[in-house]
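In the two assemblies presented below, subunit A is common to both, partnered first by subunit B and then by subunit C.
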Partner chain A sequence: MTTAQLSVEDMFVPGFDESSLPSDGSEPALLREKRAAAFAKYSELPMPTVRDEEWRRTDPEMFPFDEFTPAPALAPISVAPESGPWDNEFDVVVTVTDEGFHINDAANMLAEKKLVVQSLADAAVNYPEMLKRYMQGEARVKQPRKFTTLVDAFWNFGLFIYVPAKTIITRGVLIRYTHKTPGRVVIPYLVAVADELSELTIAEQYESPDLVELLALSAREFYAKQGAILRAASLQEWGGKTYHIGEDWVRAERDARVDWVSFLLGGQLSKMMVSCDVAAPNSNAYLSGLFFADKEQHIDQCSLQLHSSANTYSNLLYKGAVKDKGHSIYQGVIDAVPHAVKVDAYQMNNNLILNEGARADSLPGLEIDADDLKCSHGATCGNLDPNHLFYLRSRGLPEAEARQLLVMAFFEEVIARVPHEFMRERVRENVRHKVGVAV
Partner chain B sequence: MSGTTPFFEIRNLHAKTEDKPILKGVNLTVNPGETHALMGPNGSGKSTLANVIMGNPVYEVTDGEVIFQGQNILEMDPDERARLGLFLAFQYPVAIPGISVAKFLKGAADARFGQGNVKTGPFLKQVREDMDYLEMDKSFINRSLNDGFSGGEKKRMEILQMLTLKPSLAVMDETDSGLDIDALRIVSKGVNRMVGPDFGLLVITHYERILQYIKPGFLHVLMDGQVAMSGGPELVKEVEKSGYDWIREKFGKEVLV
Partner chain C sequence: MSNTETMYKLETDSKLVQEYKYGFVTEVETDELPKGLNEDIIRAISAKKGEPDWMTEWRLKAFRRWQTMREPHWAKVDYPPVDYQDIRYYSAPKSAGTGGDGHGVDPELAKTFEKLGIPLNERDRLSGVAVDVVFDSVSVATTHREKLAKQGIVFCSMSEAIRTHGDLVRKYLGSVVPPGDNFYAALNSAVFSDGSFCFIPKGVRCPVDLSTYFRINAADSGQFERTLIVAEEGAYVSYIEGCTAPQRDNNQLHAAVVELIALDDAQIKYSTVQNWYAGDANGVGGIYNFVTKRGHCRGPRSRISWTQAEVGAAITWKYPSVILEGADSVGEFYSVAFTNKKMQADTGTKMIHIGPNTKSTIISKGISAEESVNSYRGMVQVLPTALNARNHTCCDSMLIGDKCFANTYPVIEVETSTAITEHEATTAKISEEQLFYVRSRGIDEESATSMIVNGFCKDVFKELPLEFSVEAIKLLELKLEHSVG
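And then the complex of A and B:
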């Protein structure tokens, strides 16, 4: 091996070097520039290794990039793919498949300009100033990770969602990702902005067949401008052989409220990160996570609650269960900058360990440089409470049923944070199925 | 009595927890239509007895039998015992956030009576009536089980469950402790609604107070893991007046002889 080859291996994730950059000349110059800038960063950043604190429990080598090839860029398809059971509950439905993407404006919200849902390619033409501002914008409060810069440079599907000021979109946007072609790396990138005093709901659903090997890399940026309410819920139901690395960024401005919910139920191996900046006085963020690792699933999550302003509020609740040989990791940080007084930050991670051999690591943390603030955090790990189990059984419920009921009860607090009842019911169903009859 | 199948009979029951023997040969029989009270000083094994009857896995039975409806229930899981018609009103009912009272009651009734036999509409109507009878706020039905309930509310919830599940034998483990006089009256009212020719009741208590509302036909005094003395209602007055010391003396002698 020559030195030159060695350095290339250090620089690039297999399959993602200069030659694989989307070279389609038809892409707007703005996006090409963004990609080029991102690629430069991507090339500079060292490859993460298991020696990095953040990757200590999830070796990056566990993601078999060399077995996968980048999926081609997705183009719009004119024929609507098969509809999903929830489509009628939303104003706009975006369907993303291996063949392309389709935006269904059933309620005419896009036509009436109450809402913008466009591919990044279209938005770069129609809303260039906004993309300049929000793609890899202020929400990126820290140096992005290597894999996130990869998304910035190589995304194969990009979506821009924007709600104009003072517009209330209650039903909102559903994005359904269904990928079936094995051996691909799919790279979705989402930028969503709720302008001043607006309201927006976004739900995302990720699916793949159980036996299909897939790798997903994703990045999402959410902006809640002054006085806006932004709800974002994602339901990850990948099949058992799908890998996912994802990074989310959330920014809430003055008087804004963000409700961010993540359900991680599927996939073989997931490494998910969220950074949330409550960036101006009276901004509120609720971050909620539900995860369930069974069989040989591995779910690694980390969160940052950044209080870059005084008088800000954040509340994080992550609840997880592990079963069989499942392994979950949660690492959280609350960071209040020096002048951030009157901050109220809360971080809680509860874990149910349903059998020996399953494992949950919980590492909550605080980094506080200010005084006159309220920060609390906590973590619990344990099996179901035997007193609870005995109580339910003393009322006639068989053990398996009582266990299932208690696991459901454990999760109910976080399930209740999702705006849609059908999504709540779907998650309950999924969890019930995972608990099974004999734990 | 040989030849007839006992309704509920505890025979020479021994039980321990963490190698510490607590029950040391309890004998006690409850016939249908009877109300029995069990009293005794702290540490005599009253709550252990209640838990062993229901099958709490914390305790290990080392000897003896508990016969209910003709079967030795010690070989059964707690949920099987419940479905057979046994009920324990807990001294410390647990709070379970995330399970609504309605859902819990329906699940328990389904288990007890068979899912097809409990129609949701009429069932909830009956529950609301029972709540009314127990002077409970109907909003409780949508709240999480015992979550944020006061002591008195939790005990009323126990009685509501008893009315809902219609057991043939109920054990009440210090249901009266921590209740103010109003709550005690309401709880007793609920219990008395169950009393009848087909229902047996064992009231475990630390205080005579509840026995003014729920009139037992029999009283047993538990001491050091054994029934030291049994009697009729007159024994209640005797205990009230003189405490346990005289029984202890008498019991001690008998055992030591």
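And then the complex of A and C:
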């Protein structure tokens, strides 16, 4: 399809056309070029519709773009914003608010050059070669989707994290997003690279007040170079009126290990995608997801485990619960390319449906083009096991408590995959709250 | 004799060891309509079959609907566009003796079916099986009729049923697969040639297995099978279907519609061994098998089970499904899909749970060898009314060779908290350990592979009636012969 055939409505998401491209002439040329290239792609791609397989269960029109306006580009603020309860657990804390962003280097890691955490604008000046390589780099194994090209062209906050070779960062980086201004579209973009034999931990937290209408579009790219260990955990606790479309890309090289965890608890409507490429022999990827849709929440997630090399391992575990009128969708694919032999890939999706009226859809998939490998997937949907409930109740636990305990037990397998105890505790608390005592 | 013993006995029969032994052409005089498709052709088909007006109208309505539809392309199969005007929609052997009881059949035809192992004369028959044989567009013989008629069972060709049991056909035809259901179903509804009609009245347990054998013979013709099986309250029937076609360099179309209806407490068991000509090693020729099969468990406690061994056809597009409407009804799907050469199979099932306490089981085994593509596509849908529904799905794929593809696309939609669904799938190559074990017992690699593959498919084959089970095992072995090593 050529651009000429697309009408303006088909081409552009409301609020995102040429006139809204950041026109700040002070932005480094590299970023302007990247934005222009992304914008060209963005204009070429047709708007997804509910007739596209990927959007069949989440109509793109459910995202009310015309009610929102793009948030302005964020600039650094000098005054440190309110600190969070976990700030002391990390080496570097990045706070992102409606006013701007702030990078707190409490442990002097940045000053000592053990770690780079910079806005993309700064990094484009200091590390242009790296940005050229990693921004929309080889982790993007597939043609990006319409909304991802939008992020590439219009991001209003960009962050670059880099750990040099052979550097172990144990406590890592915390990024806190807190947005309170209603009616905005916020567009964060993250590029994180763990160089050879290094170790990096990144935690992200998204928050907005419950009644604030907000739209978030995000893109993240993670690179684990040879022998690196990269842990990334995100905790999405948007308020009940926030919409989110996000796409993640992960690439693990030889002997690298990636631990990617997503806790999806808040927001009204989320459409999240993750693609993980185990791209060289002996690379490992663990992808974990926890999601809980209650009230009228709608959570749609899809994952791709791409085995583009022989001798690779990937393990995906997505556990979710739906309650009230919540609706969750999980769509997963394992793709082993021709000659990707000795591959071991696993994909598991378990769903708890806690009451009538809630709904869970599961679409696990395999696409295998090589012969000497082992790929399997599993999916289950159901309510709590009545035998388990009976057992707990026969020990004197009230039903509500027994139910809560069983839901917690169900999720613990995923919760345990995140390295930070405080984050685990936070997720447990959140889940407990969602299950409620008066069931 | 156990299946395995039979299998090895059959293996020694060297005549079996051929590429595609059903690839011959029978020279018979045929009564054909010109190629192409329009309303006149449909009227002509209808007239040739002496159909009542309502049937002609029904066909025309389907045809008009079909003209507004687009050919689906979502399946993981790749083939050049089909020219629907270049197909002969009606071809019948002139001396068919339509719908007779097997006597007075053209000796050439009788020979054909004897070659295929389908005896028409009742004295030679496989004991316990009533056979309906469809040659290109018409049914040539139906055996065992009198015996069945005594119990009120109707088993005849579809064309005959439209003439003699019009009311029954009218009541049920298209009630499970409506003419506008999908592109191929609409095409079939417009031009369907022949197939079987089975009606098992209330409380009757069909004493023999009913069977239909489909054979495409004429060149450039399509076969549009239409089968309708109705089991009334408490009835039971086991139905078997087999198919072959001659070896030709052009592609032929088989677009069938099969509808099963089970009322209260009824049970229908439907088994298929599909061995259409699959094309040669370069992917030239072969049958396009675009089939819509659907069962409807209408009454409470009814049960429909599909068992299929798919070993032929160049392209398969087939999803035998069950609509579980009656409370406590049960749907089952057991499938072995084998692909080699450049075959492409996109097959699976749909289980739609509507009634409470409905149960379904899906067991699918895919084996892909050489340069073939083998996809499982399935859907389990549990609607809010299907309280306590239960589904178990298991799809395993085995890969032989490094140029073949195996894909799994399951969809699970659950809208009630009381349902339990489980899905598991694995894809792996034939286990080296198992091969080593068998070979260390002195068995050569080819036989060892064949034994392991048969073991892999055992869960499905044991659901087939014995004779068919043996045939399926034998077929798999033949097909594997050039795939190993």
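Methods note: the second predicted complex is superposed on the first by the 433 of 439 C-alpha atoms of A that agree within 3 Å, B and C clash if a C-alpha of one lies under 4 Å from a C-alpha of the other, contacts with A are read in each partner's own complex, and residues count from 1 in each chain.
To be clear about the criterion, contacts are C-beta pairs under 8 Å (C-beta built on N, C-alpha and C of every residue); 3 or more make two chains touch, one makes a residue touch a chain.
Predicted, not measured: the structure shown is a model, and the values here were computed from it.
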| item | value |
| --- | --- |
| When both partners are placed on the shared chain, which of subunit B and subunit C touches more of subunit A | C |
| Which of subunit B and subunit C A:L354 touches, first, second, both or neither | second |
| Contacts of A:P364 with subunit B and subunit C, given as first, second, both or neither | second |
| Contacts of A:A107 with subunit B and subunit C, given as first, second, both or neither | neither |
| Which superposed partner A:P338 touches (first subunit B, second subunit C, both, neither) | second |
| Interface residues of subunit A shared between complexes with subunit B and subunit C | none |
| Subunit B-touching residues of subunit A, taken from the complex the two chains share | 385-388, 390-399, 401-402, 405-406, 408-413 |
| Complex contacts: residues of subunit B adjacent to subunit A | 54-58, 77-79, 81-83, 87-88, 90, 93-94, 96-99, 104, 107-108, 111-112, 144, 161, 165 |
| Subunit A partner contacts - residues on subunit C that touch it in the complex | 74, 382, 384, 397, 399-429 |
| Residues of subunit A touching subunit C in the complex | 53, 338-339, 341, 351, 353-383 |
